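Note that subunit A is present in both complexes that follow, paired respectively with subunit B and with subunit C.
Right, the complex of A and B next:
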């Protein structure tokens, strides 16, 4: 199969895709780097020349920087914890034979198809609104004062909304993984005297290890960049300003492209730090 | 101890009864083989004994105590599965130790038993490997190791050799027989391969559509099959089962004659026929002979020295002393 000829033909045929992907990645990256060393204020004089590392220093020394990093990590960590643990439970539940299994599975997957903006609006207005929301009615029904979710418990609220969106993804991947578990292994463990909880701990959970790794890695990539949910609900107020949201504010609200670009470079660094940690912790699961 | 008794046991899946009422006693220390074609209910029967399936009615007792409703772990039986069902993320040592760990045995005792099993099964060098790094035969031995450390009342084997290649199968067959001789524990072994049944069993249980056709020692079954099903199933190549006017000469609906009990000659004999394919095994030669008197060709065993060309005219003579006669229901006559 791999003759000299077929190898070179393969290279030629892959080249357009590789070049396109490289351009797609390299051009924005280079532009971000280029602007991050400039004082560039589109509405206040445009390109005002090179400033060296000024933007980097200003971005980090801003009082909003460290809290935004903290918020980002809390949201990513919280959503991961909730989606993985509930995802495992839901996957086990959905794997049980039951009446109407097909419909139930589609319903469980449904939230994933709702756009982030829409789901955030639905949560904000239909569930979390302190006057008309469903949760407010529930609280009133039990005689309690309704919680102003998005101001009093802003961060948990956002974690909840984002978890609701990503739970189907985790459930789906874990469900397919659980279906590939050899039932004879569970029967062997049963004969070996392992009660259900131990069968879960010793057989099911290790079997799911690789799928959980995949879920964590993919979700982390997307969760580091969540934006719509924050924009629609709190607009970055009440301590919900993530790093990506801070960059957005610097570029569009302060109209400072140079400062925003420096923030973008920090976001790349943060993503890489998180990725290295994740690969260290869970990456070994990916080896067969 | 490990005497297992089934009393009027039945099993239904929904409306389909796969095992009609069935009685069977397996004596302590016996090597019993359940044999039958695919879908005859032999694996289901084994799973009923193991407790992995609930009986629909009837009683299963082990050593005289009713265990019908006992969960599988409490029955004191160990099972070796067709797929081995090893735990892929655990080392061989942890796999074998798993049932002991679940029984909360102390670590020194666990180590002692695991080392013991490993040396019996030649696994001592592989204890720290994962199942994925072992060959089929080694995995099979790990599965057996996991069963023997529990020191069960009986071993249950569910087609354990069907995933191995032919050469390895012969080797493992010997090893399992050897193990049985050494441990003298009751073993129940499920297979669809009658050669495994013949070579390993103290007692063979032939099953067909959930019904026990015959129970007996391998040679008993070979020499005195109770009906045409057992006659056709036990023995390789199969017994020739013949119908028609020639059978009526013997006052039977069907007559059965094994390939080794037919004489073949180029000059004279009872049945005239034409040689079809011949299979030379070296020690023996099997001729497929088409006779005018019968619908199907007969298989005849002859010495490995004899050669006959395709299409040659021959005469066959059955050995009357080894002729089996069956009636309209397929039951043995006389």
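Right, the complex of A and C next:
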């Protein structure tokens, strides 16, 4: 069907996008790899020569490395657990017949459109401030001592802020998936006397399986890279330094480019492991 | 039989959903309300919910003192520019992949998606260095380019998904009637593709508007958009809740409104068509 002429035209039309993305991927990646094998301190002597795998070894053996991995896992795991479980429940609720469904949907997805610096600052000051924050007022109202959220409970606080931002995404995608569920199947199960828990466990949850996987994978990729939420709340203090944030500090704050680049390579490998699984699912869908 | 039960259930559903919806929306509502308070009322103990003297003073203070208009302008140029540029580059690519698919089309699409997975922090220094060398640091052009490249995979994917839904027979019919490739694109394809292009535009403006890694790390005084402007409030002096709220409200209001229009596209756009 497609002629030789249209084939070559197609190649020309694809070229700009492909070349740009190829450059965007290969040039910085090659540079990061290059720097990761060098002792490179722009402010303290510049390029101090090749050091082999020294940076890779030093990055993982520094005292900040394992805590940063732990922090990353807690944030990613915590946010995933909260957003997926609440997202499933909310999606089921929003799928029920009710009045004003459209408006509720709008209210629920709104946080997704709030820029990260705004949500971090609003939560930090107007909710989590130990003197004037709304949560402090609430605690005082019940006779409790207000919590200094971002220093005493820094990780749960950040998990909460980020969950608030991502719950809408999970809910919206799961709601879309749930809407494609055949309602006759549920009605038949109800007729046969299956209690709600069983209907949920044997019909709804399996149907949502794929959507849940997609939510987990996409969120993981974004959550591994969260930056602004930490940058404006704790600046990496109080045990909130994630792997990404640690690399950021090595590169821009202490200007140890070699070390930071080695960390960057680790982050790229980590993200790619997650990406492979996501790509498989997306790829399967492309065939269908 | 089921009527009464459903009616009752509907009431419970409605109450529960509205309760949760308002709870989730509350931080935004509280920010908007606080932006109309005086600084003293903003930190009043107990907090005042509605019974305060509404004032627009914070908005005028924020606009005057912080050159808000410049940050807003930077945001508009960066988000709008990167999206439009991305669409100009992506339309031909998505068009050819949708209508002249080859064996490698799928691989190219998957590869484009994989570039989106590259963690920004892994290439922070190279980009920073290149920006210094090319004189792009703290320029709007630099950010337009970077955000265009970040969102290009999503733009190509979204357009590809929309274009695939256009029946190929129409194009063949046009070809039979002697339409050239240019005619095909201009007079047949474009009108049919406009809704898809519009929703791609919308979603990507939102993503670019809220991007907060490159905009924070590659700008200083000149090209900083609203994300960076808001971040500058993170170490404030004196009373500032009402002003922070006013600045935040202005930064999120336009995108909140656009976002509400783009709910549908959001799902297929952000899951690369894996959930529809």
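Simple rule for what comes next: the second predicted complex is superposed on the first by the 256 of 288 C-alpha atoms of A that agree within 3 Å, B and C clash if a C-alpha of one lies under 4 Å from a C-alpha of the other, contacts with A are read in each partner's own complex, and residues count from 1 in each chain.
Criterion: a contact is a pair of C-beta atoms (placed from the backbone, for glycine too) under 8 Å apart; a residue touches a chain by one contact, two chains touch by 3 or more.
All values derive from a computational prediction rather than experimental measurement.
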Partner chain in contact with A:197 - subunit B first, subunit C second, else both or neither: neither
Which of subunit B and subunit C A:184 touches, first, second, both or neither: first
Subunit B versus subunit C as contact partner of A:43, first or second or both or neither: neither
Which superposed partner A:281 touches (first subunit B, second subunit C, both, neither): second
Most subunit A residues touched (candidates subunit B, subunit C): C
Which of subunit B and subunit C A:13 touches, first, second, both or neither: second
Contacts of A:117 with subunit B and subunit C, given as first, second, both or neither: second
Footprint of subunit C on subunit A - complex, ascending: 1-2, 6-7, 9-11, 13-14, 16-18, 20-21, 24-25, 27-29, 31-32, 35, 90, 93-94, 96-101, 103-119, 121-127, 132, 134, 137, 141, 164, 167-169, 172-173, 176-177, 180, 210-211, 214, 218, 221, 224-225, 227-228, 231-233, 244, 247-248, 251-252, 257, 260-261, 264-265, 267-268, 270-272, 274-275, 278-279, 281-283, 285-287
In the complex, subunit A residues that touch subunit B: 182, 184-185, 187-194, 198, 202-203, 206-207, 209, 288
Touching residues (chain side subunit C, partner subunit A) in the complex: 6, 9-10, 13-14, 16-18, 20-22, 24-25, 27-28, 30-31, 34, 43, 45-47, 89-90, 92-93, 95-97, 99-100, 102, 106, 108-110, 112-115, 117-130, 149, 152-153, 156, 172, 181, 206, 209-210, 212-213, 216-217, 226-228, 230-231, 233-234, 241, 244-245, 248, 251-252, 255-256, 258-260, 263, 266-267, 270-276
Interface residues, subunit B side, partner subunit A - complex: 50, 52, 71-73, 77-79, 81-83, 85-89, 98-99, 102-103, 132, 146, 150
